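Letters A, B, C and D mark the chains as written, and numbering starts fresh at 1 in each.
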Amino acid sequence: MDKYISIKDLEDAALEVLPKATRDYYKSGATDEFTLAENKRAFQRIRIRPKCLVGIKGCELKTTVLGETVSMPIAIAPSAMQRMAHPDGETANVKAAQTKGVVYTLSTISTSSIEEVAEAAPNALKWFQLYIYNDREITKKLVQRAEKAGFKALLLTVDTPLFGVRRADVRNKFNLPKHLNLANFEGDMSTKIHESGEGSGLNHYVSGLFDKGLTWDAIKWLKSITKLPIVAKGVLRGDDAVRAVEAGCAAVLVSNHGARQLDGVPATIEALPEVVSALRGRDVEVYMDGGVSTGTDVYKALAIGAKMVFVGRPALWGLAVGGQAGVEKMLDIFRSELEYTLQLAGTPDVAQVTRDMVKHESEYAKL
Amino acid sequence: MDKYISIKDLEDAALEVLPKATRDYYKSGATDEFTLAENKRAFQRIRIRPKCLVGIKGCELKTTVLGETVSMPIAIAPSAMQRMAHPDGETANVKAAQTKGVVYTLSTISTSSIEEVAEAAPNALKWFQLYIYNDREITKKLVQRAEKAGFKALLLTVDTPLFGVRRADVRNKFNLPKHLNLANFEGDMSTKIHESGEGSGLNHYVSGLFDKGLTWDAIKWLKSITKLPIVAKGVLRGDDAVRAVEAGCAAVLVSNHGARQLDGVPATIEALPEVVSALRGRDVEVYMDGGVSTGTDVYKALAIGAKMVFVGRPALWGLAVGGQAGVEKMLDIFRSELEYTLQLAGTPDVAQVTRDMVKHESEYAKL
Amino acid sequence: MDKYISIKDLEDAALEVLPKATRDYYKSGATDEFTLAENKRAFQRIRIRPKCLVGIKGCELKTTVLGETVSMPIAIAPSAMQRMAHPDGETANVKAAQTKGVVYTLSTISTSSIEEVAEAAPNALKWFQLYIYNDREITKKLVQRAEKAGFKALLLTVDTPLFGVRRADVRNKFNLPKHLNLANFEGDMSTKIHESGEGSGLNHYVSGLFDKGLTWDAIKWLKSITKLPIVAKGVLRGDDAVRAVEAGCAAVLVSNHGARQLDGVPATIEALPEVVSALRGRDVEVYMDGGVSTGTDVYKALAIGAKMVFVGRPALWGLAVGGQAGVEKMLDIFRSELEYTLQLAGTPDVAQVTRDMVKHESEYAKL
Amino acid sequence: MDKYISIKDLEDAALEVLPKATRDYYKSGATDEFTLAENKRAFQRIRIRPKCLVGIKGCELKTTVLGETVSMPIAIAPSAMQRMAHPDGETANVKAAQTKGVVYTLSTISTSSIEEVAEAAPNALKWFQLYIYNDREITKKLVQRAEKAGFKALLLTVDTPLFGVRRADVRNKFNLPKHLNLANFEGDMSTKIHESGEGSGLNHYVSGLFDKGLTWDAIKWLKSITKLPIVAKGVLRGDDAVRAVEAGCAAVLVSNHGARQLDGVPATIEALPEVVSALRGRDVEVYMDGGVSTGTDVYKALAIGAKMVFVGRPALWGLAVGGQAGVEKMLDIFRSELEYTLQLAGTPDVAQVTRDMVKHESEYAKL
């Protein structure tokens, strides 16, 4: 593992070992992949303004999210069907999260079940990503199982009335490999995904089952069946963030779904200021994901107002390269990069990373 | 046809099958082709701001243009001499439009006559693109034939006192292949185009026949000979849009003629806001064409204020690849892309696509 | 000549036929050649906003400069030692200018003498570019010879206390080929240039002879020895333009010396608005040169406020490719491109090309 | 040496002769090297606005820094372990500085001792770059030795609580070659650097010895043990510049440590205006380093308000190519480029290079 010294190293190695269809599924973005590239480029347009001689005594990455302590403000984002990346899939991923003290988020569409994941890492701080199915009973059962299994929050995906078009998946007629199933379901619901229609089998599956008619009222319904705090995942506008909070969400995750839904939407680090600004003065947390691949990316998101960032693809690259050890390596790299960023920026405690620590490049476009 | 999943796929395939002179004629822009590239790049500078959890019940692409219903706000733009792309030329194109319920616009300079086109697709919503000839009788006859054949609107091209210089055409000494004629004319007028001068034979033809002295008074004259509503095609300035409307036009088509007239003019999606703003409060429709090649492009144009967009080259690529079936494929791709864009943006009815749904990238250049 | 349909074509052909040292001398810019590239790129950042249906009756390129009529607002810029490009050098160039009715500007450092040029094209409108030598008698004689030979204006170069560093010239130890002399001088002054020091022999020559101590008072002195109107060539700032006019200049030529003097200065089309604005309301003319290579470039300069533009390298490319005929071809291309630009922009008379006809791209960076 | 006519020439030659680990160490920047590239690109976004006909009598590059006269406002920046570049290392470098009359700055982490450097160039104007060690006695001794050896100022590095991550060094397990030692120390302290941990041996060394807890109070302590003026090296914010001055610094060096500490910080020429503005009205000097590689770069920094610029890598390239003669060549190139820049800009005395002489490119983004 020692030869990997950056997330890019892990990505390069993973792209070599993964079979084509899986590799394409993981790395693709929607249609022309403009936003996919922007998610990264937009970070480059933000400058960190380090302070000197602040007197560094230590370096504190610990923070709290929704009342729970995490070892650093970096969480593992939900991503579907992780056993495609490594035989241990979600269980390896959650074990790495447990070891490293970060949030692990399990996808509804996983190849390990809620219970398997809970059992694999009983002490991990686990959150559950939720799609709401047309059949509300199915949904209710998922939520209750997650709550019972010790998951501590629900990430309700709010940007997916249907799945975005990822052209490589269409060309590959992508589907979950036959030897894997959707582990949170039984019988039909578990294997239905294999009945591919034209193009992407996953999209076919989704479009039959997810509730497209969902509104913000769904939050009320969810709160009637669970005590878990709810995070609205997929918000890109200030007004939607306010809607989420007024509907009862405890937090908002600024996300464009890894640029996999609609091409042409803003990079998440571009959308973050609007959301933070809209929620100023409210007692809620804001997170972000999308394109985060270095410690300075994390730092910039924190400075703009995120309480935590999620990383999805980096965990998959780690998983593909080395299972649990690969994910741990990924988290170690982020921790190390964030640690020296905090110190070199003169804000050795994440709590010190305030808005004043960054400027947009356009603010430097004058003499 | 199934292997084509994007307009780009159709374009790539078409560029392979077309003979060089035709290919060059279709894809070229004026001189340095800066605006040709900008027509596409400018779309990338606009961001879509999706709304979440809006409660999608269906997806409605239907709209009306000049009082007639179309199945989606995408029309086939006029382009000259379509039998160069496929033996069936304009008749295949209009049949596809009929099948798919969209506007087909016939060029004055076509290789199928007004009547052939009408007969091929009696139920299509057909508009006629008009160049005004020095000989007003010729022009009058064209208009009256179109009206009689059931065409429902006239697109008067207002940006063409002469044809722009497309260097490849000059180098190729481009001309209509000998076995084809300008089908809307008889005798000399039909074959005159083959008497090439130096350079582009088409430009030679045009410069001898079109009325360069045309002013906005032409609208009045047109209205005196036809009841058809008139659309000013080729407007790039707000003040010209007002002139068009005050002269009696029912609609304005923001167009730079596929970037084929004058290089260095704005991309059409750049010029659209100025025109929409100048016409605010007037009971007229605004359309646009130029560089539209994805569903998100269409969406952005609608959000800025276009009632419909026209696609020219995409229809030619479809035609080249598969005749009527190719054009239908092109329209299917656009429909599918626009459908999921509408849903993923949280505005499942085209009527909901308002100005608030987009931002220029420069609005994100701040923290 | 017919195969050349753009200035770029002539440039490409010229770069192939010229010997390396001459080619490098002509095409080089100062040091890193950033401004050399910017001179062209900056034109792309300006958009032409065409007007429709203006009623074109003809196309008028004629204009006046300093009271004399020219066939179009494009002049041949002074460039040194033109017999390196073609055996006929300056005499071929001036003959082309005569045939085509445009201003020819002879360099002080020419390989044909003032009198040879006058004799070659007695009816051309000829201007003389002047460097002021330490020896004012030499300078005075040059001015008086030019005046006597029928030259109609003096372009005093104001940006050259010394010559800029063009690295290729230094590496090539560039010098005037032995068989050529500086034809405006006799004896030592004519051949001294061959006594190369280190690096560029031209720079060596210049640094020994030109008056670096020159101030705006030089205009007064010039006016005391000649009746010719004086044009300040090489102004890039508004305040300097005012100084030039207050010192008695009849016109100002916005120029960065073909980006050959100091790298990092503004592109001339960038500097033009500042100069035009500073001179608003004064009865003087403003010209520009630098990077002009298409008819739309000329149009943009006119719209911002230039009365005429100068082209230097294009004349050299024409000369290299075909002597007088090559320069004529170059002028024909510009005339043709400017003609259709004027018509397609809806301003068929150069006098109609006003500030309103262009916008900077940044003005389109909003919806 | 004559074949080198730009700093880029020296760089290219040096990169060829240096062994890989040394080459990587010298040229690397922090992590993704975005700021490394920006340090150069940001200069291109600034335009010089030359004045014409100012009457050049001579060219004066002389200036004073902290009360001492230097032959030009270009100093040699401190860089570590220069004997890796050339056997004569720091002593060749300081001799070149002495010959050319510029400031030489010795690094704490040098391969020649304070005394060796002083002896090699007794008449050079020498400054000493200081890292403060946990062991304050070690630090005190260094300062007192520098003062005794005739060094005239202390550059206290304020941006290095730890060393930035340069990935090539980690991959190369970079360390000082065994035959070299840290010459300012004895025994353990001198050889400890060879006890490499994982990754970069230098970072390992630094993290064990440097005082991370340093605050601006360190300036007071330094002033209690030395009379030398203190320069705060590594400031990128206006507020930090004020802190430095209020703590007693005589000057501030705007630096991002050659983009080697934290990637994503501003280019130094971007940060300079903020620092100059924050210190306006105070009797202190501002310097800058970072990406300076041409005379026009120097000019731009002076115009924005720097009293002097430092060049680090250029001196190493000179050293690698030709020892003392190579560094002298480097200084000659800068002098020559600055001389003609001053003259061509119409400000032949460095004292005339004021804020008005430059504009940001964004100021030209309008007509």
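The rule is short, and it goes like this: a contact is a pair of C-beta atoms (placed from the backbone, for glycine too) under 8 Å apart; a residue touches a chain by one contact, two chains touch by 3 or more.
Note that the structure is predicted; figures quoted are calculated from it, not measured.
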Turning subunit C onto subunit D by a C-alpha fit takes a rotation, in degrees to the nearest 5, of 90
Given over half shared residue numbers means same and under half means different, the subunit B/subunit C interface is different
Here the gap between subunit A and subunit B, centre to centre from mean Cα coordinates and rounded to Å, is 42
Cα centre of subunit A to Cα centre of subunit C, whole Å, reads 60
Residues of subunit B that touch two or more other chains sit at 46, 359
Residue set of subunit D touching subunit A in the complex reads 31-32, 34, 42, 45-46, 158-159, 161-162, 164-165, 167, 170-171, 198-199, 212-216, 218, 232, 234-237, 239-240, 243-244, 261-267, 270-271, 273, 304, 355, 358-360, 362-363
Note: in the complex, subunit C contacts subunit B through residues 2, 5-6, 43-44, 46-57, 294, 296, 299-300, 337, 340-341, 343-346, 359, 364-367
